[in-house]
Each structure stands twice: as structure tokens, then as C-alpha cells.
């Protein structure tokens, strides 16, 4: 599939990238605020370390600089789709655990969930522009959350938010790379046509 | 032969034992005894032990010892009086020891073996609970019963001050029977073999922080334990933001004791166990209050469709979400039960119950419960005496006369079975505000009409209306909106 | 004539310690002579043939030799080094070339007066990373990032050891927390002709910052007239120049710039301070006879004073 490289596509690509960068940076700032609320509301120690959490996409990337544009978009898309269902699970758990007493954490979580959903849609648009089309979501139902104790649930939530904050920074960097190389950068960097 | 002792375990038979002082090798011994009322009876034994019936009176015993070849060594006579005989019941037999991990409770069951004893004896039991690898004594409690000449299974519960998972708990029991008519020495039985409830620290992969996600009342003392794999070390355990001194339970279990726990936040207080090599485990404790008895429980209906009950909840429980306080309204006449949706953060408490066909009296019990406790309040309601109609709507005024008008208004609700009393407020610039009462049969979701006469011609009036139950007044409805009307010229 | 038989070795002792030296294999009651750096030590320090040094201090470091009384054979020689065990070292790690890697630098809060050896370990999750030591300065090494955007913390442990003891420091930090660029370079401030209230400031990304395009920096400019203490600040999210438009006419300004990654980490230290004075109108010449005849040159209307950029001492660190 030839990469769409018409002037209007380039302009649209640049616009999507810069809007995506702004959205990712806003998301990062809101997730950072949410983390503060979460740690405080859950009575956690901010310095507590959380081991890698199953089902939470790790932002850590090796040889990040060598990734193609398409790989970046696909990785981002998979991650934010996962975060979308993880945050929805967290919201459900908050309502169950805190009920009416939660006037702060739930709304903040819901706001971030909205941004994650918006960013996911944004990535899908970018992938459309890459004339690749966003991969279908594997199965609509997210995997049932593992049976965790309340403390494990709290740590898991912390792990999700920390990883999301890292992803937001990574997304800003990824989108900058994409903005540098223009649409179809997957192909531009020698990525084989059929993917 | 020396040190002849006779012990009975069941007041029927007794076992007599003796020692041999010399070191020479012995063959058999002959044990002969005689009482006042029968000839000597003899037993040959190698055991230095003979079981014979408990005598009614004193007995004379002659013990002769023989060599391997059968030649008699020595003979000795003993006088055994009734008071020389000891009564030591056999060690009790534990039937079962069952743990309830959620309530830290052990349930012990044993048989009192009463069939072996005459009816009516007082039995005293001592139950001992031990803990940790070192089987330290935790408590020793007494339990009394009466033997009924039948084997009765007794049950005893004990609540540990720490989760049963923390370390192994051991229980044993012994018996003392107070046989007043037995002259001899009476003593406690031996302890029963211990029954054990193994802690998680004995399971190969057992680990975790206990209790898990528990709810306790404010002021409780709570013990938390951190069970970990062999070789690991607990470095510190914290409750909330504060570290607590560690109590070693076993090589794989350490605990902290929190006294007089304060109310926790909505998300609970975290207890974190930090171990060597970055190991960490945690649990959450919710500390709150049991529900207060609801005050000022009051029920009324505004439309004979729904009965609305309100009450004052008392002190907030401090528990939320799934642990929040649950309310249910049970009507005992109909047996109907409704669970109430309540917002813990709002002061007002309301619950709706459907008006039932052909039922005028309602016996409500408002059940209130949360994980810490439960309570209730009750109320008997004659619905006709608790009518608080909704605010009249769609008030209209009509009339083409100079001295009278007709008012029409609608009330949402089904009042067919009662009479309504409505009050019309009449205001005008020239005269004082007047209240005109009118009563009428209630209707089902209907519009009501009233005529006012003796008005002044060509006068601008303002009308509004409110209603209540005519018989058994309870509360006025709200005032309707105001309607203006000018009477015609005379 | 003293004959050297014994090869000497180094003996480390703590300040304040009591030191006893035996004269090699000589008996206690043998007649011997002790010297310190070649100078005989008087008998008051001897207990038999043993040399006793009480509550040693730094000045007593030196070479101690023991000679047999009659034959003056050297029976024992040692080099005494008096010092202290190392205190907890001060360790700092920082990434000024993100995302390439980060460096750690350390020093001891107080001297030990004896040789120390430093060992540093860098753990990221379960992975041990190599910290390549710089040739100079010796108390610094750097680590290459193998992973970016990781939530797993880095744990750096520095252990310092000498003959008298050992001490260590551990730092735990997130990848983003230690990102701190070097200050902006080549800061230049120029007046803007015909604009008495403007100053044009420009600078460059620190050369140590490897990829400003993918990892853009934002900047923080502060400026004040020398006559005032209160700084004025302006944050610039992109670009490497700015025009100050509210300068006091004719007043000399001091200007500094700091840099920070657009999304993570902390502000750099302030750049070197530069000075500039906004453009001022050339003073009109007085119309008296004498003056006109002396100055015969014509004055041009546009006057471009050379940029008054003065390089001053390094500014104070920016609050992070």
C-alpha cells in the first residue's frame, strides 16, 4: 500500500501530530495530578515501588530510537486501548469500594479515562492516515481482572497510573518523531510494505 | 515388691502397680488380694500391673515375686484402704478442632465419656490454647458440665487475638471429676493429645499479610502478621504511616499489634510488610462504627402509591462502598422486604415502600447493618393517619360573576379512600387575607373544584390552595402556585 | 652503618589509636634502637624492645625502623599511615545528555588521609548496568540507557573502602527525575537600534544535549537592571531567542538563561550571565563656535554601538 504523501495528507499528519502532542502532554499533567490524589486517597506511600503489573502495558522501550513510525503508532494504540479498559476497571472498583464517599478520585479517574479514549481515537486517525488502518480490537471484552486483595488492587491501580504517566511522555516523543518524518514514515524507514 | 499404687479411672476398676527393689532378673509375680467379704483372688503377671475391681472397703494385698526358674523371691503384704486409691479420669478425647479464619475462632468438640460414670457427677474441664513454634501458653480456660451417664459432645469456642493463619494454634483439654463420695485422692486427668490448626507459616508456599481486608470497630486492638517464605526477613511493618515494633511468631511469621485503632479513611488504612530483597506485602483495615439505632423514624404517603420513610442515621459509620451501612425496610404484616438505596454522604435518609392493596396498617422494621454491627427501629403506621398530599398543581380560576368564582386544581395521587380538607387562601388589595376551608371526597389522580362566593365585584383577587387529610390531619401539602382573578363588575 | 634486611610494609592506624611495634623477631628484652624517618626515638617510647605510640595523630605518619643494638642490623621497618575510615560518601547522579544516559559523581565529605577505593553498582530492576569510569575526573562514571520510559527505579550504590573501614551510599531514582540539562551556551544580548526599551537575547542549546529536535528544551530567561535586585522572568517553550521589550532605557542589564526538557526533569543551572544596555539616543552636540570648529567629522544618523556583551562569572544555580 503506497504511503499517502500528498500535501494535504502531510498537513493533516502534521496537524494530527501536534494536536496529539498537546493532548498527550495534557494527559500527562492530569495523570500526574491524578497520581497525587490516588496516593493520598488510597493512603499509600508515594515512594512505594510497584512490581510490573500483569496486563499493564510497560512504557519501557529498548532501542526506542530505532522504531519506525508505524511501530510507534501500533505500540501506542495497543497500550492506550489497554489503558482504556484498565481505567474503566479501576473506576468500577472505586465505586464499589468508596461508593458515595468518593467525590474526588472517581471524577478525576473518569476525566483521564475520557482523555485516554480521545487519544486512542486520535491514534486510530493517525494510523488511518498511514493508510494502514487501525488493527481491530482483539475481542471487545477486556480480560476479567485478576482476583486481588484490596491492597494489591491499590498497588495495581498505582502501577497502572504510573505506567500511563510514562506512556504519555513516550507518546509525546513518538509523535515528535512522527512529525519529523511525515506520513507513511513506516515505509519511509524501510519498513516492508506488507505489514 | 514396694510402692504399691492403685488408681481408678472410672470408679469401677482400678489398676494397681508396684516396683521391685532388687536388681535381680525376675520372672512372674503373683498378686493376691482379699477383702472382708470374699476369699483371696490371685493373678499371675509379668507386668507389675494388675487391674481389679474397686473394692467397697479396704483390701489386703500379697505380692510374691518369682525367679525365672519359678522359685519365690520375696513376698510382701499391703493394706490398701479406700483413701489410698486415687481417682484420675482418663485423658479426654478431642473429636474435632475447627478453625473459622474469618472470625479467628476455634471451635473445639469433645465427648465427655459420661457413660463411664454415674449420673450427675460435676465435671470440670481445663482447655489450654498454645501458640507459635515454641507452643507458648496463650490461655487456659475452665468449662464445667454435669455428667449424665451418657456420652455428651461438648463444644467450646475461642476467639484468637490474631488471625489463625499467623502461626499454628494448638489446643488440649483435661478433666477433673469431683466425686464427693470417693474417699481417695482425686486428680486431673492427663492432657489430651494436642490438636493443631497449622498456621500459613507451616505451608511450604504459605505467605501473605493477615487479616486480609478486615473491618473492625473503632477502638479495637488488632494483630497483623506477615507470613513469608523461609530465608526471608521482615524488615519493618507499618500501620498507616507509622512503623510498629515486630513480634516474632516463628521463623516465617512476624506480627505487629495495633491498639485502640482510630477510624480509617474511606479507602481504609494500609498495613505494609517490607521484607528483604524488596519483598512487600500488604493488607487494608477498615475501622468504623456500627450503625446507631435510627432516630425519628417516620413514614407517610403523599399519593397512596408509595410510602416514604425517613429517619436520622446517627453517627456516620465511616465505612463506604461495599462496606457501607445497608438499610432495609421489612413490613411484617405483608412480609414484604425492600432494600433502600441510601447515599452515605447525605444527611437525609429516605426509603420508599409500595402501598399494598387492601392494607391500611403497616408494621415497619427498619433494619440497619454494616460489617461491624446491626440494629433496627420499628414503627406501626396507620396509613390514613399519615397522609401528606403532594402540592396541588394546575390551579385555575373561572367564573363569570361579580361575587363568586370556581377554583380547579389537580393533586397527584390516589385519595379515593379518604376525604380531603383543602384550604384556599384569598387575598386582595382591599381586604384582609382570608382562609377558606373546604372538604371533599378524595379522588384518584383527579382534579378538584371549589366554589367561592360572597366576593366583591370588580375586585382583583389572588388565590392559592393546599390540602391535607380531612380525618386524622397529618400535614398540609405545599401551597399551590398563586392564581389571580378579577370578579366582574356588579 | 645500618644494614637493611627487612623489607618494609605499610601499617594503617586510626587517629587516636595506641600503636605497639615489635622489633621483628627480637626478644622483648633485646637492646634495640628505633628511628622515625631516620631520627632516633628516645627510650621513653620504648617498653623493652617494643615501640609504644600513644593516641597517634596524623603527624606521626612516617617510616619506623628498628635496629639491633650492637650490630645495627635493620630488624624491622614499617611505613605507618595514620588516617580515618571513610564517612558516607556524597553521591549524585544526573542525566545532562538525555536520552543517551546519565553520569554519577561522588566525593567524600572529609579526607581519610589514606588511600580509598570506590566501587559503584547500578541496578535497574533485576539488571546490573555497567558504569564506565571516566579517566578524568576519577570520581565519575557514566551509564548508557538500555531502556527509555521505564517506571522501574534505578538503584545506585557506591561503596568506599580503605584499610580502616568501609562506608556506602545508595540512591534510588526514577529515569525522569535526574534529567537536568547543562545551561544554555553562547548567550548573547544586544540592544535593538532605535528601541531604547528593547534588548535582543539569543542563546544555543547546551552542546551536551544530544537531540534537541526529538527532545526539545524549553528555556527560562531572567533579567534585571543592575540597579535593582528583583529579577524579571519569562518562560519560553521553544526557540532560542527572545526580545526583552520592557527594559529601562539606558540601564545596564544582567541576563541569564536556564534550560529544561520540555516534559521531564528539572531546570539546568543558570547560564553564564551577560550584560547589555538598551540602545540610547546619541546626545545632541552643543551649538557653540568653539566646538564646531574642533570636530570636523560628520555624525551619521544610525549609531551601532558594539554589542556590550560582557562575560561574567557563572550565575547561581536555578532553583529546581
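As written, the chain order gives the labels A, B and C, with residue 1 at the start of each chain.
Everything below uses one rule, namely that contacts are C-beta pairs under 8 Å (C-beta built on N, C-alpha and C of every residue); 3 or more make two chains touch, one makes a residue touch a chain.
Because the structure is a prediction, the values reported are computed rather than measured.
A.B. asks: Could you say which chain's mean Cα position falls nearest to the mean Cα position of the entire protein shown?
C.D. replies: Central chain: A.
A.B. asks: Using only Cα atoms to place each chain's centre, name the chain farthest from subunit A.
C.D. replies: If we average the C-alpha coordinates per chain, B ends up farthest from subunit A.
A.B. asks: Just the number, please: Cα centre separation of subunit B and subunit C in whole Å.
C.D. replies: That gives a centre separation of 68 Å.
A.B. asks: What whole-number Å value describes the gap between the mean CA coordinates of subunit A and subunit C?
C.D. replies: Roughly 40 Å separates the two chain centres.
A.B. asks: Determine the centre-to-centre distance between subunit A and subunit B, using the mean Cα coordinates as centres, and give it in whole Å.
C.D. replies: 48
A.B. asks: Please set out, as single numbers or ranges, the residues of subunit A touching at least two other chains.
C.D. replies: Touching at least two other chains: 49.
A.B. asks: State the interface residues of subunit C toward subunit A in the complex, per the touch definition above.
C.D. replies: That would be residues 99, 146-153, 176, 213-216, 262-264 of subunit C.
A.B. asks: In the complex, go through subunit B and note every residue touching subunit A.
C.D. replies: Contact set of subunit B toward subunit A: 209, 212-213, 240-241, 264-272, 278, 280-284, 320-322, 324, 343-346.
A.B. asks: Please give the residue numbers of subunit A that touch subunit C in the complex, ascending.
C.D. replies: 25, 28, 49-50, 52, 58-62, 64-65, 159, 162-163, 166-167, 169-170, 172-173, 176-177, 180
A.B. asks: Give the list of subunit A residues in touch with subunit B in this complex.
C.D. replies: 41-45, 48-49, 95-103, 149-152, 154-155
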